[in-house]
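Before I ask anything, here is the structure I am working with.
Lettered A, B and C in written order, each chain numbered from 1.
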Amino acid sequence: MTIWPEEAIVRHRGETEFDFDTVDMTVNVGPQHPATHGVFRMLLTVDGEVVVDCEPYIGYLHRGLEKLSENADYRQAMGWWDRTDYLAGLNCEGAWCMAVEKLAGIEVPERAEYIRVIMMELSRINSHFMFFGAFGADVGSFGTSFTYAWRERERIYDLFEEVAGDRMFPTYFRIGGVTMDLPENFEARCRWLLGSIRQGLEDLDGLLTGNEVFVERCRGLSPVTPEQAINWGLTGPLLRATGIPWDIRKVEPYSIYDRLKFEIPVGTQGDVFDRWMVRLAEAYQSTKIIEQCLDEMPKKGLVLNPNLPKTLRIDSGEVYFRTEGTKGEYSVYLMARGGNKPYRAKLRSPSFCNLSALREMVIGNYVADAIIILGSLDIVLGEVDK
Amino acid sequence: MIGILKGLATTLSTFTRKPVTIQYPDEKHPLPVRQRSFPVLVWDFDHDEPACTGCNVCVRNCPVDCMTATMMDNPKYAEGLSDRRKIVEKFWIDYARCMRCNICVEVCPFEAIVMDNNWTGHERAVFDRRDLHMDLDDLTWASRNGLLTAPFRPQDSIAYLEAVEKGEEPPPISFKFARPEARQAQLERIAKGEGPAIRLRPPEKPKVAAVARAGAGAAEAEEEALSPKKARAKRMKLEREAKEYEARGEPVPAELLAQIARYRAIEEGKPVPAAAGGVGAAAAGEEGALSPKKARAKRMKLEREAKEYEARGEPVPPELLAQIAEYRAIEEGKPVPAAVGAPAAAPAGGAQPKPAAAAGVVGDPNSPRKQRARRMRAERAAREALARGEPVPPEVKAVLDEFGISIESLQP
Amino acid sequence: MTELQFGEPWFGIPWLDAVLRILIVVGVMTFTVIYLTYGERKVVARFQMRLGPMRTGPYGIFQGIADALKLLVKEDVRPRAADRWVFEFAPYATFIPVFLVLLVLPFARDWGVRNLSLGLFYVFAILGLNIVGILMAGLGSGNKYALLGGVRAAAQMISYEIPLVVSLLAVAMVAGTLDLNQIALNQADRPYVLLQPLAFVIFFTAMLSELHRAPFDIPVAESEIVGGYFVEYSGIRWSMFQLAEYASLWAFSIFGSVVFLGGWAFPMGDTWPWPWQLFLTFVKSLGFILVVMWVRATMPRLRIDQLMNFCWKVLIEVSFALLIVNGLFLYYGWPHELLALVNWAGAIALLAFIGARGARKARVSQYVGLYRREGVTAP
């Protein structure tokens, strides 16, 4: 499905630097492609090596999340929402749970809040490592960055398996807390994991950040000014790379983020290299958040609100709950009109909004750079297509 | 150049590190206890049956509708080998649909379904998607063969924490009947020759007669307020009991047949035949056999109907009030006032002569349906005989005469 | 013809001698190429902290053979839009020049297939024919991706031929001969990499580019135009492209070790017998291959215009400067040690310059570790 109406697409015919009468070639970066991070189709109109137009096609992963959520009660829908941003499922579950809790006025015990933040930050690290791996592969370092990133991701998944039972789709959070308490050796395991994550960040940093070839490829590629970023609706690391220190965890803190001390890395030019650096730094800051949580967490306590009704029914109300997802502002709009099922549940997914700026960023660059720019947007199609 | 050299140095350092590969299937990393693969049903080793009663709570709560379950009466309950009155009859889970969210495990009230946390639960690759529809045998296979060594329910953690918070005793360990210790105990029992299930009580006789008598007698007053649907339900229940009598080869008690007939009459909107003579005696006899609990239940039912009368603004019939007083007396253990209500509450509409209920025949043989069936059978038999060119048998001719159908009209 | 042969022909029959030698070389090449595919996977896997093939045979040593067998039985797909004869002959046109190069390489003292007194010249003349095969593949496939890949590859290979040739000419000037056997013999006391390190650096870079190896592998960029010029080939035809790639890797390694590292002669090859010489050749070429794989596992790839910029604006200038300097020193008879010194200075300058190009955009080394610092903003 095309996003833009036909007349908005400008086609260059023969407007090159030379006086040749060239014909533009259409290159289809199709839904099955190693570089497109999921089922995403991009129709590039190419003049030689320069991209003159780009038409994204999405919808290959549409699963009807919002409609399904209308037919499921608040606990059943959780299993679908953590499949939107499947690389950071717990962030999505957190957003959904917090939205419902705000709507219904349910309190979450202290220990559960800390557990939630630890899990959400681990998911954030997980998603950023996926970016490092895939981006390195896009840029061309033949899978080395991939395996470095995957080593850490596997370890994070192992920890999720020990805590929640499942690796990728844990369905761990519940309205009013979490499903079960952490296992006994969690703190030791988590601290070891943080050490391993930091080593992984070192490896990736050493491998790629200083590499002149990498810098040559990425520096100065598709710079974005703050005004452009705000006009295009970019959020998350893309916005922060342009220089605006906008992180919803600091601006509108939810859960216990107002108690935690962490920094917001920002870039200067908003180009691809800045996005890489911002995500590296964010992953590091997440490790610091997790450390603080481990230190400050109450050692014992309830993890699920004990006064919950057996079936949660919300009579009326609507809420728009914003969270800082891994890729930007991940927000849930929830409207209830009685009963145990939501009347309307909408997801404002960051990848969808970031993707709409792809065309502006890609036009005028080379084909190889188009792939890199797409990689630096760090989209996940589960979010885009819902 | 420094950056490139640093990159090369990083790669060299990883060259010297131990590879992180686990070579599946020769090595498998140990699965934690909380690992969820797919739901399996738990086998109760103490009673040698599935722990599932078919209550359908998990089926209703499943987000993707991947389960189907039916319930049946548990024969082991009557034999005294189990405490479960109902047991699962059929259970299907479509593993291709299951999203392993754990909700079914959380909501099960009987600790009967659990996520398989072994490698066998994961290694389910099949060539045909239909092989992923698991039925009861497949689902209980893992538990029956002792593979579930450490079943885990999320509530264990929560309940433990809540108990600790309130300072109470931690709750008992879950899945006690399915753990390896229970399985070991079962194996020992079998080795000793005691049978696989623990005997709880001696086998019991079915309570069909008492129910039939109770149904036939004192609830007369409520029959007038019965809707056809309710009457039909009651009739079908009694007919099922009558079938059990027949299955055992015993004659069906007359009161049962009478009650069935009366319910049918109500259902079809005909005037209700008078309760067979033994009403008063049955009522009195049955009231003597009423336990306080049953009397209380009947009283509350009648009181509800009395409320309906009041809500409609009509005066409550005195027979109803008398019956309520009777039941209250039984419930509280006081002497029963004379069953004046019973014969006086003989239903208006008088008795309708009904043919004798032949033994073995259930229901009224003269109902329109049965007559229609007889007629059609006779017509069919006549047509077949005529098609074969044989004369029509005399019984068939008699039935046709009864209905006034001539044989000539049936010629092909 | 006698100056072509290495000593007496076997069995006294020249053509039989040639055929036997060719068979030996081809046999070794086949075995080496199959095990290079396996070796690359294992080596790159170890750089990535994983194991590589482990299941086909103990430690996966039969993986190369399994791959070859699989490719043999694959369906031979020919696209309808493909220009038939161009499509069919492209793999051969790519592979044959590589094989021809192997004919003049000396594996041990006086052992090769044939010895040409113009050996060096012959090698880089023949290598140019590779490009024809690649262009045929790109154009004949009837596929836009293949076309893009083929054109990129052709441009890249033609451009990088020049620094390659010029750097080798510089070495030839110092060696005073084009005969490969003689060049190896001249290095019996010290390898030319010590005398001409700048030529070595240029040669190494240009060799990576000729082999389509990272960081110059944009024509076969898997993540972008999946496969490039051989995307439409399947089965045995595709395996011929891979064969050509690995065989040329091996040929280049031996060539590079002969010209720069002393081949069979350094350290003690001219006095010790032929097993030691073979061993030296083997070890040096293996070292070359390992370094090439190491670079492949580490470096991201350059974009086509950056690649061309690097060649035309940096490498060619430096290589011509090298040629001129060499010529001046040799013509005026200035001492060789000074020449070596100037070369070392040139090599270091070139490497530093490659690093400093990043400084045009920003100073690169300060980024490393930046993510860890507090108050972090990427400048």
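Methods note: a contact is a pair of C-beta atoms (placed from the backbone, for glycine too) under 8 Å apart; a residue touches a chain by one contact, two chains touch by 3 or more.
All values reported here derive from a predicted model rather than from experimental measurement.
Chemist: Give me the ID of the chain with the smallest distance between its Cα centroid and the all-protein Cα centroid.
Modeler: Answer for the innermost chain: A.
Chemist: Please indicate which chain is farthest from chain C, where distance is taken between mean Cα coordinates of the chains.
Modeler: With centres defined by C-alpha atoms, farthest from chain C sits B.
Chemist: If you average the Cα atoms of chain B and of chain C to get two centres, how far apart are those centres in Å?
Modeler: Going by mean C-alpha positions, chain B sits 78 Å from chain C.
Chemist: Averaged over CA atoms, how far is the centre of chain A from the centre of chain B? Could you give it in whole Å?
Modeler: Chain centres of chain A and chain B, defined by C-alpha means, are spaced 48 Å apart.
Chemist: How many Å are there between the centre of chain A and the centre of chain C, using C-alpha atoms for each centre?
Modeler: Once rounded, the distance between the two centres reads 42 Å.
Chemist: By residue number and range, which residues of chain A touch two or more other chains?
Modeler: In chain A, residues 144, 148, 151, 206-215 touch at least two other chains, as defined above.
Chemist: Please list all residues of chain B that touch 2 or more other chains.
Modeler: In chain B, the residues touching two or more other chains are 1-4, 6-7, 10-11, 14, 20.
Chemist: Which residues belonging to chain C are in contact with no fewer than two other chains?
Modeler: In chain C, 47-50, 297-299, 354-355, 358, 364-365, 368 touch at least two other chains.
Chemist: Touching chain C in the complex: which residues of chain B?
Modeler: Of all residues in chain B, those touching chain C are 1-4, 6-8, 10-12, 14-15, 17-21, 23.
Chemist: Quick check: in the complex, which residue numbers of chain A touch chain C?
Modeler: Going through chain A, the ones touching chain C are 25, 27, 33-35, 49, 136-144, 146-148, 151, 201, 205-217, 219-220, 263, 265-268, 273-274, 277-278, 280-281, 283-284, 366-369, 371.
Chemist: What residues of chain A sit close enough to touch chain B in their complex?
Modeler: 72, 75-80, 144, 148, 151, 154, 158, 161-166, 169, 171, 179-181, 183, 203, 206-215, 300-304, 306
Chemist: For a test of understanding, state which residues of chain B touch chain A in their complex under the given definition.
Modeler: By the definition above, chain B touches chain A via 1-4, 6-7, 9-11, 14, 20, 29, 31-32, 34-36, 61-64, 99-103, 106, 115, 117, 152, 154, 156-158, 160-162, 164-165.
Chemist: Which residues of chain C touch chain A once you look at their complex with the stated criterion?
Modeler: 44, 47-50, 144-145, 148, 214-215, 217-218, 221-226, 296-306, 354-355, 357-358, 361-362, 364-365, 367-372, 374-379
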